[in-house]
Amino acid sequence: QDITFWSWRQEDRAAYEQFIEAFEAANPGINVKFEAFEAANYNTILSTALAGGTGPDVMMVRAYGGLENVAAAGYLEPISPENVPALADFAAPALAAESVRADGKVYAVPFASQTQLVIYNKEIFDANGLEEPQSWDELVAVSQALRDAGIIPFANGTATAWQNETVTFGLGSSLMGEDFYDALMEGSTDFTDERFTGALGEIAAVAADYFPDGFIGLDYPSAQQLFASGMAGMFIGGSYEMATFQGLNPDIEMGVFAAPGKTADDPKLVGLYFDGGYAANAAGANKDAAIQFLNYLASPEFGQAFANTLSNISTVPGVSFDNPLLAEVNELNQSSIPYLMLAHFRYGEPSGSVLIQGEMQKLFAGETTPEAIGEALTTGLAAWYEPFQK
Amino acid sequence: MSVTASTSYYDRRGLLGTLGRDGLLQIILIANTVIMLAPIVIMVFSAFKTTPQIFQSPFSIPDFTHLGNFLKIWTQTNFLRYLLNSFLVTGVSMALILTLGTMAAYAIGRYQFKGSTFILMFFIAGLTLPLKLAIIPLFMLMRDLSILNNQLSLIFVYTAMGLPTTVFIMTGFIRTLPNELEDAARMDGASEARIMWSIMLPLVRPAMVIAGIQNVVPIWNDFFFPLVFIQNDDLKTLPQGLTTFMGEYTTDWGVLFSGLTLSAAPIILIYIVLSKQFIAGMTSGAVK
Amino acid sequence: MPQLRMTGRGLWITALIVPPLAFVALFIVYPIFSAFAYAFFDWQGLRRGGFVGLENFHTVLFVEPYRSWTLNAFKNNVIVFFALMVLQNGLGFILAYALWRELPGARFHRIAVFLPVVLSTIIVAYLFKLFYHPLFGVVNLSLKGLGLGWLAQPWLGQGNTALWSIIVAQAWHMVGFPTLVFLAGMQRIPGEILDAVRMETESEWVKITKIVWPLVAPSATIVFTLLFVGAFNWFELPYIMGGLDGSPFGSTDVLGLYFYRTAFGNVSSGQQDFGLGSALAVLIFLFIALIAGVITTRLRAREIQI
Amino acid sequence: MAQLSLRGIKKRFRETDVLHGIDLEIGDREFVVFVGPSGCGKSTLLRLIAGLDPITEGEFLLNGQRMNSVPPSRRGIAMVFQSYALYPHMDVYENMAFGARLMGLDKDQVEAQIAEAARMLRLEPLLRRKPRELSGGQRQRVAIGRALVRKPEVFLLDEPLSNLDAALRSDVRLEIAKLHRDIGGTMIYVTHDQVEAMTLADKIVVMNAGRIEQVGSPRELYETPANTFVATFIGSPRMTLIDVERQGGSLVMPGGGAVALDGLPEAARLKLGVRSDAVRLARGADGQGFAGQVVYTEYLGDNAYVYVRLADGALLAARTAPNDLYAPDVQVTVTVDPAGAHFFSAEDGRRLAP
Amino acid sequence: MAQLSLRGIKKRFRETDVLHGIDLEIGDREFVVFVGPSGCGKSTLLRLIAGLDPITEGEFLLNGQRMNSVPPSRRGIAMVFQSYALYPHMDVYENMAFGARLMGLDKDQVEAQIAEAARMLRLEPLLRRKPRELSGGQRQRVAIGRALVRKPEVFLLDEPLSNLDAALRSDVRLEIAKLHRDIGGTMIYVTHDQVEAMTLADKIVVMNAGRIEQVGSPRELYETPANTFVATFIGSPRMTLIDVERQGGSLVMPGGGAVALDGLPEAARLKLGVRSDAVRLARGADGQGFAGQVVYTEYLGDNAYVYVRLADGALLAARTAPNDLYAPDVQVTVTVDPAGAHFFSAEDGRRLAP
């Protein structure tokens, strides 16, 4: 049986081909054909193919709202421990990310979690005698020290829209704090909350002082490049960046830390979310084979290989992380709040991501205030987010 | 009036007072040419550099023996295959566009018949349609025609996309051709088809070239439709093949530029080689 | 289809017109109109819901935040159109005029001016992104080199420079097209007419405004219409340079991006909604078709047969 | 064998009537020349015959067969256009070969005919040039050559010599006359040139404002013009018309003298027409005749013409020997050769029988 | 006041030499006509004078001032182009007003001048038409009108009448002659038309292949052509050249008879040139003279020409009275009027003093 498997991870082609080889060896008779598409257009291609009835048998799908888009239309085969037994052991938040809220069914095997944190260049830190900061003041001090040493403190640029969201929550999760998150989820507060807007103000201040000159015009790949080439000391980003940096500069020595809160006592939180999952086509011709493949993708041996080869935090329970950095990220994940907008505010339009990305760009450009952002977010989301509709 | 004559009639070297004005025009031209060429030169240069080099010295002349970027593309992709596919798809599409476009434009431009304005409007409307929106119905159409994963799907879409501009440009041009030529050919006993083929078409070459260029570039460079219609690696076109490949190197500007250079090179080379004919064709419309 | 008497001539015309018409009908008009139909349904992601009449149109035109988004994108398109009209067509006319003079090296300049046109938009977009790079971009480096460091800007990051930066890139890319079209138009002016003017005046200005310009008006029709359609269908360049969101904060958002993002979603921020996306597409189409129709008929009316 | 009949041909372009009913018979092998002022409809009529424009009303028969809806190429007619209409992308040879090939001639025949036409029109050195590389006259010759090679039954020429210099023009004129004799086709020829019209035509058709004024042999038109329009149009310098009153056997120009002539028509007031060769001048204001004053003299080599202002303001042309020139302002007396006097109605300009 | 001097003017287009050194003086108020075969460089020379093309070598002086690098509009020269060159987007009125306005004339003046030109050229009813709505002749008249309204010092006309019908042509010709007298400007006129050249010119410049063959008054050219080129080019029908040998006081055409003439030049072999009016024909092959055979006769109304094939194959034109026609193939004897005999060198065609 031949099944096709679509992905947006062009950069992981080689790894996936290895995984598939392993699967095919264990399951003679099933051939998996891997197709990777440009990430930016993956949505369009997948939607088109599914709507046209010629979608792949197995595919990578996004999580949260992105999943619902596809799954709610009935294109995906629901899965459960019945057909994918391994699912039973997965963490609840991971499964929730791949479920449709309305029917509560799971539609995909989650593959990785991502963590928004601060990555730093160990060599540079060591050379300048710097330590991972424990409080916001220390963060500022570290930045100032780097700057004095002629090194760009943070490599980040915000010209690429989604980087604004990353910067906001990679740097601000601890400032906002768990209380705020809980209150927001309860519906007892909204984005005009002081804890939220205050964090935005701090972030903007740091950005203004310690991001590269003209960072608002700096795009994502350039920012990556700045960090990877050792011109900058820190990079606010996701755990997925580490592999890239390694690839760009194999000699780089990295460390990670969760951006600190106001004081050293505040819990240090990272922003955590689930990236996406593997789903089977409900209208696929070879559904059995597809499910079998999903089972493999949910298996610990795949999870382990995934973590080892792709340097990602696999969601498969029981995977261990040889890579010390990964292990450290995994450690940091124990103290986290969800990556807010993606996890909760991408179920309608305008999505929280759209809003915060644009608003933060404005803030960085000095064209709005944190309070106005809080207002804009709240009223904007009220268009579809019921708790905000007063 | 002949063209060569008209240009040389307009030659006024040696006349007083022209030096200043011509000098200004000459400066404009040179400045423009520098501006036009610099980015392309930088692109080619960058293709031979490593990413840090690009960032640190974007203008410097590279070490042209550094072929690592190209090698990466050459060895890791089906480059030749993509190139051939691109030639095939672009070539066939252009042939169809120019043939069909000229046919329609000729009918609309040369004959008066009821509905010709409507038909022209129909084509012109096609000019304005955002075809990306239609990707899903198009996809289903291709599926029903069983040409998904087949270059015919691309050729058909490109042809249809190219026709409105072609008809639009050519109709206007064909209308300006002198009637007496047609009369003369008719007296010579040429059939309508013959008049079109032997007399009028050679004269609309300039418009064909304009329409051709207007279409060949987007077709050659398009990667949206192949992305959706073509999954088989052997059938991919150059931009699609390369973007797929370059997706793996988003941050390696060196490789990126060599990819861009490689995908641009064929069309630039063709353009430079054919530029004489192209420009002559585009600008030799004069008929007495 | 018009009524054609099936005489030899009718058959001939039919034979000429039907194949191209069929292509356009089958591969453009039919799919597009199927897609337009989406505009009248409620969509939840990829799932089509019930028929909702004009509600989607109402939403994108009158309901916040769509209303401001639509207006913003439209405003940007208008800016793009007028800016390109001046930058691209104006410059094109001047360059054409300069090239037409057959000064020494004209052949080379002619080739050069059109060279960028054959480049793909992707290349152009990447190149200019690099040029506008706030740290290493040649624009800022040159400014600093000239002692004008205070003029250095994060070009693509500021609301008031981003769109213009992209427009400049677009003008660079396409200026060769109007140039050559105008040049072709100029070269079709009979030499004796130019001689006749030269007998009457030496003023370039009179020559250009009173003779050359009116006589290249047919070329201008093509250029104007294509520019108009192109400006309002603008997609690739802002997509690559500003992103699907029209970064920063919508200042480079144009209708093409907006409709695409609405229909197909933005991986990093948005949802898919075919209903609203199609409604936008229908509106864009109606607008462009209407204006382009007017431009063509108005401009065509004053075309001159030389 | 080609005989053409035009019956009540009318032509309307949108709202303007250009031809108002043309009746004309053209016999086989006849050489017919259309003359008339610019804009009178000559080219239009030619195009109707060629079949290039539809006839608005009336019938055109070729050898008795109605041709109104036969396509141009099947009428066996070739045409030389006023503005050449050469195919700009073909060289001279190809321009000429195009029609011949379409007639199904084989390669050798085509070549032979082109060689012949090229020789006749002195185009040999130009065969490989493109039209834009030719001078106006050269283009015109190519256009003639292109029609020649098709050896059609009916040959339409719209001012084919208008861009040739005099020497070449008379040569080509002779060639056309010879051509007409050789191939024996029917020729219809539009020209402005008197000499061409007079020397080539078997029959001249004088047109004016969309109507035929007179049809006849050159001699008929010259010697018995049907009306003042034809009288003044044919013949160069043009016939002088003098408003006179009849007083017995004399014609009196009020205040300007009188001439005695035989065989005068009945009318009391009429127009006397005299051509330059029917006028005798005498210096001084003495004798019998019209008094006048020399305005200026045109020297033409073998002839000279003296222009005399008569008392009523008419300008009279008189032929004199080239060495018998009159200085301006000299007073002269004009007498008229009775054989060369023409009489026209003072009202409608028709010819009056003497 | 306008006096033109051309000194050693050469013109080269890329690799072709078109003019090979033209020396010419044109006096104030002179009317100079350039004639010559198609492609000999007439238009080119006119364009150099106008300043439309740069002069490759040599000098052009206007009133003693070097003009080589003065732009056309500042030379005080107007030009009528061979192909009209009307502005297609302007109507007739605007076409004429354009130049006048640029000269800084005020609105009323412009209007008055246009009205005058329009009247002269019968353009009144056409003032609001676009060029494409005009016939060829009408366009030509507009082009003349456009130059007229500017009242230039020097007036260049490139075959301005070639598309007019005969009647209109002679009218416009007279108008141009009158215009020349009235405004008194210097006129340079290119034409193919003998009659135009002979009647209008103060001075005719005969050109051939980029060189001037002869400059002179019409009478000089007609009566004493400098060489066989001018001799055959000027005068219609063209002068017949007969290769003869001198035997005492007779000129013998080998195998074709002889004529006795006085004042023969020295050369043993020469070319005898005779115009149609210097030839006498006698029926039959009896008397003293060249024997020949009538080929055909051209009837022109006031004249007729008989074409005679001589023994050496030359075609001789002889003027006869219009009622004295010869049937084809009749044997005739040709004698030559001694006053009308021209002698040219058998080698280089130069005129030989008798």
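A, B, C, D and E label the chains in the order they appear, each numbered from 1.
In the analysis below, a residue touches a chain if its C-beta (ideal position, glycine included) is under 8 Å from a C-beta of that chain, and two chains touch if they have at least 3 such contacts.
The structure presented is a predicted model; accordingly, all values stated were derived computationally and were not measured.
Steps from chain A to chain E, taking the shortest chain of touch contacts, total 2. Top-ranked chain pair, ordered by C-beta pairs in contact, is B-C.
Among the chains, the centre nearest to the mean of all shown protein C-alpha atoms is found for B.
With centres taken as mean Cα positions, chain E sits 53 Å from chain B. Averaging C-alpha coordinates per chain places the centre of chain A 93 Å away from that of chain D.
With centres taken as mean Cα positions, chain D sits 58 Å from chain C. Counting partner chains per residue, chain A has residues 39, 44, 47, 51, 222 touching two or more of them. In chain C, the residues touching two or more other chains are 136, 190, 192, 195, 202, 305-306. Multi-chain contact residues, meaning those touching two or more other chains, occur in chain E at positions 47, 51-52, 71, 82-83.
Interface of chain B with chain A (complex): residues 51-52, 55, 135-136, 139-140, 143, 148, 223-224, 227-228, 231, 243-245, 247-253.
Across the complex, chain E meets chain C through its residues 47, 50-52, 71-74, 77-79, 81-89, 98-99, 102-103, 132, 146, 150. The touching residues of chain C, when paired with chain B in their complex, are 1-4, 8-10, 12-13, 16-17, 19-21, 23-24, 26-32, 34-35, 94-95, 97-124, 126-128, 130-131, 136-138, 141, 172, 176-177, 180-181, 183-184, 187-192, 194-195, 202, 204, 218, 221-222, 225-226, 229, 232-233, 235, 256, 259-260, 263, 274, 277-278, 281, 284-285, 288-289, 292-293, 296, 300, 303, 305-306. Against chain D, the residues of chain E that register as touching in their complex are 35-39, 82-83, 135-138, 159, 162-170, 177, 192-195, 198-199, 218-219, 222, 232-238, 275-277, 296, 298-302, 319. Residue ranges of chain A in contact with chain C, taken from their complex: 8, 39-40, 42-44, 47, 50-51, 62, 65-66, 68-70, 72-75, 157-162, 165, 212-219, 222, 226, 346-351, 353-354, 357-359, 361-362, 364-365, 367, 380, 383.
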